[in-house]
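Structures follow.
In the two complexes that follow, subunit A is the common piece, with subunit B as its partner first and subunit C second.
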Partner chain A sequence: MSEHDCYRILFFQMSANIFDTGHEDLIHDVAFDFYGKRLATCSSDQRIKVWEHNSKMNSWETVDTWKAHDCSILKVTWAHPEFGQVLASCSFDRSVCIWEEQENEPRNSGRRFVQRARIQDSLKSVQDIEFAPNILGLKLAACAADGIVRIYEFLEVTNLEDYTCMDEFEINPGSITKEVDGHYCISWCPSRFNPPMMVVGCGKEAKIFRQDGQSKWQAYEVLSGHEDTVHDVSWAPTMGRLVSPHYFLFSEDQHVRIYKITSDRTRYLAELLCSFRDHNVEVWRVEWNVTGTILSSSGDDGKVRLWKAADGEWKCMSILSYDRQSEHSEM
Partner chain B sequence: MYRIEQDSVGVTFNPTPKNDVAYYLARKYPKEQVEEHKQADGKIYIDSLNSIASWQKLLYNDVHNLFIQAQQIANNELATNVDAFQNSSLRSTLCQVAREYSSILENHAKDLKKQLEDDAYNSDFHQMMEFFSIWELCRILLFSPRRKSTDLASDLVYWVNKFIPPNELTLEEEHHLETVLKPQNEPLFRDHLIKLVLRGDIRAKELLSRCLIGDETNLSDRAIESVLQAISSKPQGKDIEEVDYIIKWVDWRAECSKLQDQLKLPDKELQFILNAILDILRGDDAIILNNCTTWADSLGCLLLHHYPTTTDHTELRVVLDICFRAKPVEDERDSEKAVIKFLCQEIDQGLIQCQNVDLWLAAHLSDILSKFAKIDTIPQSKTSSGAPFIDWLLAFRESCLLDYGELLAGHSTLWSIAFDYFKYCPKYGIDYIQQLIVKIPMDTETKIHKVLNICKKYDLREESKTICKIVAHKFLREKRYTSSLSYFAKANDKLQIKLITHQFLNDVIDTGELKYEEIIESLPLQEIADTSLNFLSQYCEFHHLLQERNFETAKSLLMNLIKSQESPKSFWPVLLVNTLPLLRQGSEKSDAKSVFTREEIFEILCILEEITSFHKNNQEFEKSMRCIMKWHTRDNGYDEIDDKLKIVRLRLAHDSAKAFTAKRNPIYNDFF
Partner chain C sequence: MTEPYWRSPLHLSTSVGGGPSNNTAYPTFGFASPWSETPARNQAMVTKRDFLKIELNNPMNALSASPDQTRVVVGGHQGTYLIMLKTFRVTEKGAEEEMNLRYRNNDNKQSINDVKWGNQHSKNKIAAASNNGYILLWDVGGGRGKLDRTIGEQGRAINKICVNPMQGSLMLCALQDWTIQMWDLRDRGRAKVTFHGRANSVRDVQFHPSNSTEFIAAFDNGMIQKWDIRKPNLYEKRLFAHTNSALTVDWHPDGNKVASGGVDKTIKIWDMNSDDNKPTELIPCIAGVARVQWRPNQVDEIASCSFKKDNRIFIWNIKRPYIASYFFDEHEDTPTGILWHDTHVLWSCSKDRTFIQQDIRTKSHRQIDLLNKCGIGWNVYDRLAFAIDKPAVEDNSILDDLNQIRRSQRRLSPGASDSGVLEIALKSQKYRSSQTWKIVQLLFSKDTLEKTEDEEKKLVTNSDNSNLTLFKNKSINASPKISTKSLGENNNNNTIQNVDHPKEKVSDGMQEIFKNEDSLSESEESDEFVTDENREKENIPATQPPPHSNLIKMTSKLVQPTLKSAVRLVWDHEPIMDSLLEYYAEQGDVQMCVTLVLVLNEKLKVDEDCVERWLFSYIELLHRFQLWIPASAIISSCKIPSVRVKNQEATTIYTTCNNCFKPIINSHNGFWVCDKCQKLLNPCSTCHQIVKGLYSWCQGCGHGGHLAHMSEWFQKSAECPTGCGHYCVHALFDKEHS
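Then we have the complex of A and B:
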């Protein structure tokens, strides 16, 4: 954490926009597109919905809704726009699907997003997916409950049917139990100055994977000591303002933890910067903002907490309640 | 494995400087793995962390040029001048900049005040006034030119009167006081008059005059006239030397005391009022504080009536302590906290509080303060935690400018000025530019050019490439091929250009027509210098030459195209059937001259052989041939072909024979 970040006190004017997605079941994931103008939502109702913000009306309007999988859809994510309007989804039905927008198809026709690929390599449910930083090309990492991370590459943006599984590696090689409490999560390192690497949450550990000299993905650092399952990991944007790269993760032991990662020639060193227990219940999701200066966490307490560094410490600057009884705490 | 149904709240950030947070009730585990199912709740809440009101937008836009001007002044002066005289010149220029900021703030406050007439409680106006008051206070305390000592007190009195004015009478109250015969008997009159005297408001004289009955011989009238005279004759420090002012002020206070001693009126109400006025005028702390409502009110009144010669911040602190003791601070607002910190010379703490008032305020105050600090004119050397103030200030300035710039970058119209703020952040500015420039939505061509110009300005090649690729894809989806190819070329994305040109070539395979000729012709090919586009351009040129019956040049061009092997193999059959009109032309000639040289025939035969063997197990080739045979028909004016291109082989054999004959006949040797 850089010195001058310590002096921040935040002032935010909150203005809420609420809309009903109309999903017939609970939502599993929501993803903004690159410009924040679109949202993709997925649910246990096996459907994906894409929304677009109408700035004149300040409302979110559906672009399309379609049945995308045969089971609950667990994650949805947008590709970088240099590859077009491309979405990926993963499901309990063990598949990963790639969807591309067809602008000649009418909105809300159910045909606006066409399936370009349906990948079913996993033996168990696919739990998390994330596109690699655009500098690496159109690549998608998927981690499944069978304990394997698979990296797919799409060589021609105009032909997304043509993909190859360029790499796959076991998260816990040699482990008898492939599924560690049913939860794996993944996050690519966004730095374009580092070799491709990612952090994978697996059980009570998180591992930093990177390709070795033979282009094999290896775990270079294991962050252990968590009291329960790691539910989400998020690598911070590589802005110089924060000592970068670093990422944070959280676990079922009700903690949000921020780690600073440094590397020498042979390995990565992870230093625990801080650990919060404010939610006091399971923390489910964590994410950084675009500049890596604010992080959000949410959990079973129905609250979203926003964190910011001030006076040398990360402090909660605001609490948002799902029931809209918002509290704003000042640092 | 079945689990007990659990839900939680999911959260995601809008990955742009808008910093919206979306959150929703999330199912933690797949429905298929849980025993009981809860009712669906598909609501998404989106809170915007960075919002800019319309009045803020206008202000932010207006002050931007002044910010740039301040940077240029400071950079130029500090780069070239170091001596004390020039520091003084820089100081006075920066003071002028601070005044211009004040003028802009005042103009915007006036505009908002006009709206106040329509809207009884306009929070925008009050918010605007809050940070105008902080700016003005800092200008008085920190950014004013070197002053006479008396100016500090008079400037602070001006500040208190401007930003914490006394309550005005309502129209009804005014009307009531105008109609009463003896206003001095009215508590409302008395309170209001004393308030005006306390604040040194000129209207006090007019109000007091209402107690006159118009009889010069009357004792009360004479007393009132004397008090009015005392108010009028109060020495002003502005136009005289400080020592002279102090002497005059001491004398004048003695006169007031004397007048008060002589004051004995039958009208007890008037006696009370005039006594109170004279108490105030001669600077009685207890009376003044008793009649004040807040610490700020007290500060203005004490400085005006008791401490007008307050010369420095130590003396000011003494007055402030009196005010705080008499009128403790209650229910501090962020702006009030900032004001107190600045008055107490805890500048670092004041700036921190300003962040809660408005990011603009914190960013611009710390910016101009840092410039004054560089020429040693800020009366603080350490922060409250003991760190060197200048180091802290420079870091704080950058932090505020980055946050303010981030706020602007997320706005639909202010985004471009954000990058001017990042530019002046020496440590992390370029990181912000790199990270956020790609996040600007490309809604219009103008915006695209503007964004690319920013990339060019900061030599951001990778970002420029990324933006060009995004734009190119957008145009490609809209089937605007010229624009798409231009931007792919700018992004140096040869693969995509190749894919698009192959798409064009496939169209030729399908239809035999050059639908995209105009697109190719409109591109600056020399500039783009892409082999696949050049191939397509030359292929178009080949057809032009055929139409113009310039067979010799057409043949050379076709041979270049064949030799280049730039096209996909699926297109080779097209190139081969394109030899047919040339071969036919040769066979129709009466002379025995061949169209192709032996080497060229050999080249074509090799290609033919390759695709024929290629043909054996290649569905793509067969597909190409099936397409070509559909349009390459006698009805369309072409030679009839079969799927093995026998006619090409036959014509080549014929042409080869001619070439052979020509070689045997020395007459034709000259032609080879």
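Then we have the complex of A and C:
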């Protein structure tokens, strides 16, 4: 796979499809749904847009646009389709919203996604949300700038208004954080064969949280060695790999780091596989592809870098950027 | 590195740090214009002011600065009987308390709503408005404060007061009882003029910065009104500004624009010279807006604070309404008063019993720095979407990449165990996969002898299967090799034959899967893939040359020993297969793992947990591609019980009542009656009883019931027994005849 294909990509012009979203300010997140047919975007203009791919025209069409929050929307994420067409969003306005599609409402009516829940437990902006692996049921973890991770469970799929805050734990117990000091990010371990785990990026380190014997969430492993704030963590899809090698990654100021998490029965070990500083600017987001073989990272330079392991060594295999002058992507 | 474009507000040229040179932009006048810089003040602007936090004993409600901007008064109340004001002399070094003005009164509900420092004639006066209708006037001349007098009358609360910037003796009071009163402080009599807004309680009032006769008022019903003090009968202009209370207004120093803030969580900017009754800009805020104030020397910037829930003070640029330019997060409770000392220094007081001086250059935060500017998403089709910004254009766009990087991991690779797969793999340029299958073929080809017979049978029966040609090739290719090898293997045959039966089933399932996957790959890759392939063929004429040397090296290692051992009786294929599976698992190619496991079935000894993980991942992948049929074929063909139950448990049918459309939950009534509307679900149309067992119905109108009742009815009538008007028998009849 691999070397060969890596080279080959250099020969091909990428076909890039650019479309205007009509958002009035920065887009903070894009999220594909489970099937990859739909795309949700959220922006500082307080709106969420849902797009659907039209394969005939090879274009993206809006399903709906609506004002979702009172401030910049930081994240948007889809629930597993077995729970219906459910979206969650979190915002600088300190709330988390759950949206569900109404099939009978016309498209682009602004009513197609109805707010099922508005969770306003946090006193600071909610910075990251992620649905738990579907095997655990419809659960949502949200971490806010007040340094608390809250896990909500939706007991009945038919009644999303009915949620309970199952767990709540402090990331750095004892420390009071201000809005600007706390930058937290979260990622669930996608494996269904491990006990529920998540990695939380907090300040200059990232911690792996698991439930202890009393099913309280505890930080077990700490991944340190960062010089600056961790901006994003992303647990790679396991793709049937053994319990042991979960890769996961985070980005922080200017660095992209990939860790390999292995387990020996009692505990998990994190081994730093590699660390890159190719971006040379702040890296904001990292995202794995579906099989967990390619990592994409994007930073302040507006470029996306793709990383792939070739013979066990991670390398940057291409840089995607949007060239404004020539109106097509450069390789 | 230059500052990234998103730091500055969109497509906007701001005059950040313009300082003294900007002075000409505004008319200079007394108190209300801290931006009319004296040379000494310019000096102060250059040096950054230290952060200053003064702990006070009581929650503070309002603050005001002296005309020369060196002193500040904060007002609050202590206990229930004491109104107190404190004045501070604020210098570059710090602040020292000057006066402590107290007023003991007998009304235990009295508190301070607003405090203002006079100017010009009244520059030594401090006015404090209380909630019971009185204004307390203090004289602070000579460094000592004494209560001068109390004006006003017992009545409803005064919400705000404002001193005219041109004529320090004129003072406006915004009253809770729907009126605005104007006082002349030189005149010791009654209120000079009373303006009747005829709207609602007056929340805020402010004189025009340069025209001493105009003022603007904000009302509880969301209206803002512009008045001329010479025409006390009617307002000059009114705007329905907010959907809920308008709490605050502020004239822009240029005298043309007005900013208003309200409970409806918006700040709106109005052009007072135009007749348009729509705001020129709208800033949506997180919480209701209690105070707004334009930032001096920055044309488009405005500070705001909210009256509850939010302790932050935001500084917005009206050209970028969604992301605040700066914010201060120093207070621990809601700020109640904000005041620009100069372009960069903001004073504020709060319910948290503090007065704070903060410099925007040192203490502020940029909201934009806290926001993630990049969004990336991957989907199963290897599309990568990421958000890009075009600073020159208003819209943001998404760059949606269709890349072929990971094609190698696409569905394509597998096939049935041997050269059939090999060919598919070769065709789809999966050299490594094809090598793998070649190895598998070598390792396990002894089995194919038996298999060929089975498969040839299959050829006859399922002639429509597209994969069959491949299978035919396979058998043909395989058989000569086998004939040479199978000499010494007879002793193994018995066991193999036993194994073959379950295996056949698997390969049935697999064929279907591959068919689907082929079609999938075709549709997915579409024509682009074809062109790629062509190009590939041009570039690399044969499949063997250097580019693949790595692969060949790797595989030859595996192949050579197997060739040598071809004459041996027992193949030592387990380690090879183990390393093979391990390799693919590490690559994340669960498809390959699953196919190998399923095809080779029990000949492989793989850890069952591991297989389970592969299967679950692969099934999820297939689900992502919406390949339900192959997924369930995989589920039913595998032997692991935890996977097999997926096919039995995963189907849920939601039922709803056909009367009230509420979901039907299995209650003590069973599924016969809807709990919500207490009606029978689908009773018999003739006897109106529950139909248990056979339910026959007309497909035309959907009505039906007991078979006996239905046939009895239709012997007599052709029409539906419910009287819906449908001729059920005709429909039946027509159907039969057509």
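Definition applied: the second predicted complex is superposed on the first by the 287 of 331 C-alpha atoms of A that agree within 3 Å, B and C clash if a C-alpha of one lies under 4 Å from a C-alpha of the other, contacts with A are read in each partner's own complex, and residues count from 1 in each chain.
Please note the rule applied: a contact is a pair of C-beta atoms (placed from the backbone, for glycine too) under 8 Å apart; a residue touches a chain by one contact, two chains touch by 3 or more.
Here the structure is a predicted model, which is why all the values come from computation and not from measurement.
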item: Which superposed partner A:Gly84 touches (first subunit B, second subunit C, both, neither); value: first
item: Which of subunit B and subunit C A:Glu156 touches, first, second, both or neither; value: first
item: Partner chain in contact with A:Val290 - subunit B first, subunit C second, else both or neither; value: both
item: Partner chain in contact with A:Thr41 - subunit B first, subunit C second, else both or neither; value: both
item: Which of subunit B and subunit C A:Phe169 touches, first, second, both or neither; value: neither
item: First (subunit B), second (subunit C), both or neither touched by A:Asp29; value: both
item: Contacts of A:Asp70 with subunit B and subunit C, given as first, second, both or neither; value: second
item: Set of subunit A residues, in rising order, touched by both subunit B and subunit C; value: 3-5, 7-9, 11-12, 14-32, 34-37, 39, 41, 43-45, 60, 71-72, 74, 92, 125, 158, 192, 237, 239-241, 284-291, 293-294, 296-300, 302, 304, 306, 320, 322, 324
item: List of subunit B residues in touch with subunit A within their complex; value: 1, 6-33, 37-38, 40-51, 334, 352-353, 355-359, 392, 395-396, 398-399, 402-403, 406, 412, 427-428, 431-432, 435-436, 439, 441, 462, 466, 469-470, 473-474, 476-478, 495-496, 499, 503
item: Residues of subunit A defined as touching subunit B within the complex; value: 3-5, 7-32, 34-37, 39, 41, 43-45, 55, 60, 71-72, 74, 80-85, 92, 101, 103, 125, 134-135, 156-158, 182, 192, 237, 239-241, 282, 284-291, 293-294, 296-304, 306, 320, 322, 324, 326, 330
item: Subunit C-facing residues of subunit A, complex; value: 1-9, 11-12, 14-32, 34-37, 39, 41, 43-46, 60, 70-72, 74, 92-94, 125, 158, 178-180, 183, 191-193, 231-232, 237-242, 245, 281, 284-294, 296-300, 302, 304, 306, 308, 317-318, 320, 322, 324, 329
item: Complex interface listing, subunit C residues touching subunit A; value: 1, 4, 6, 10, 265, 284-287, 312, 320, 322-323, 329, 365, 367-368, 370-390, 392, 394-409, 431-432, 528, 532, 535-536, 539, 547-548, 550-551, 585-590, 593, 609-610, 612-618, 621, 623-626, 654, 663
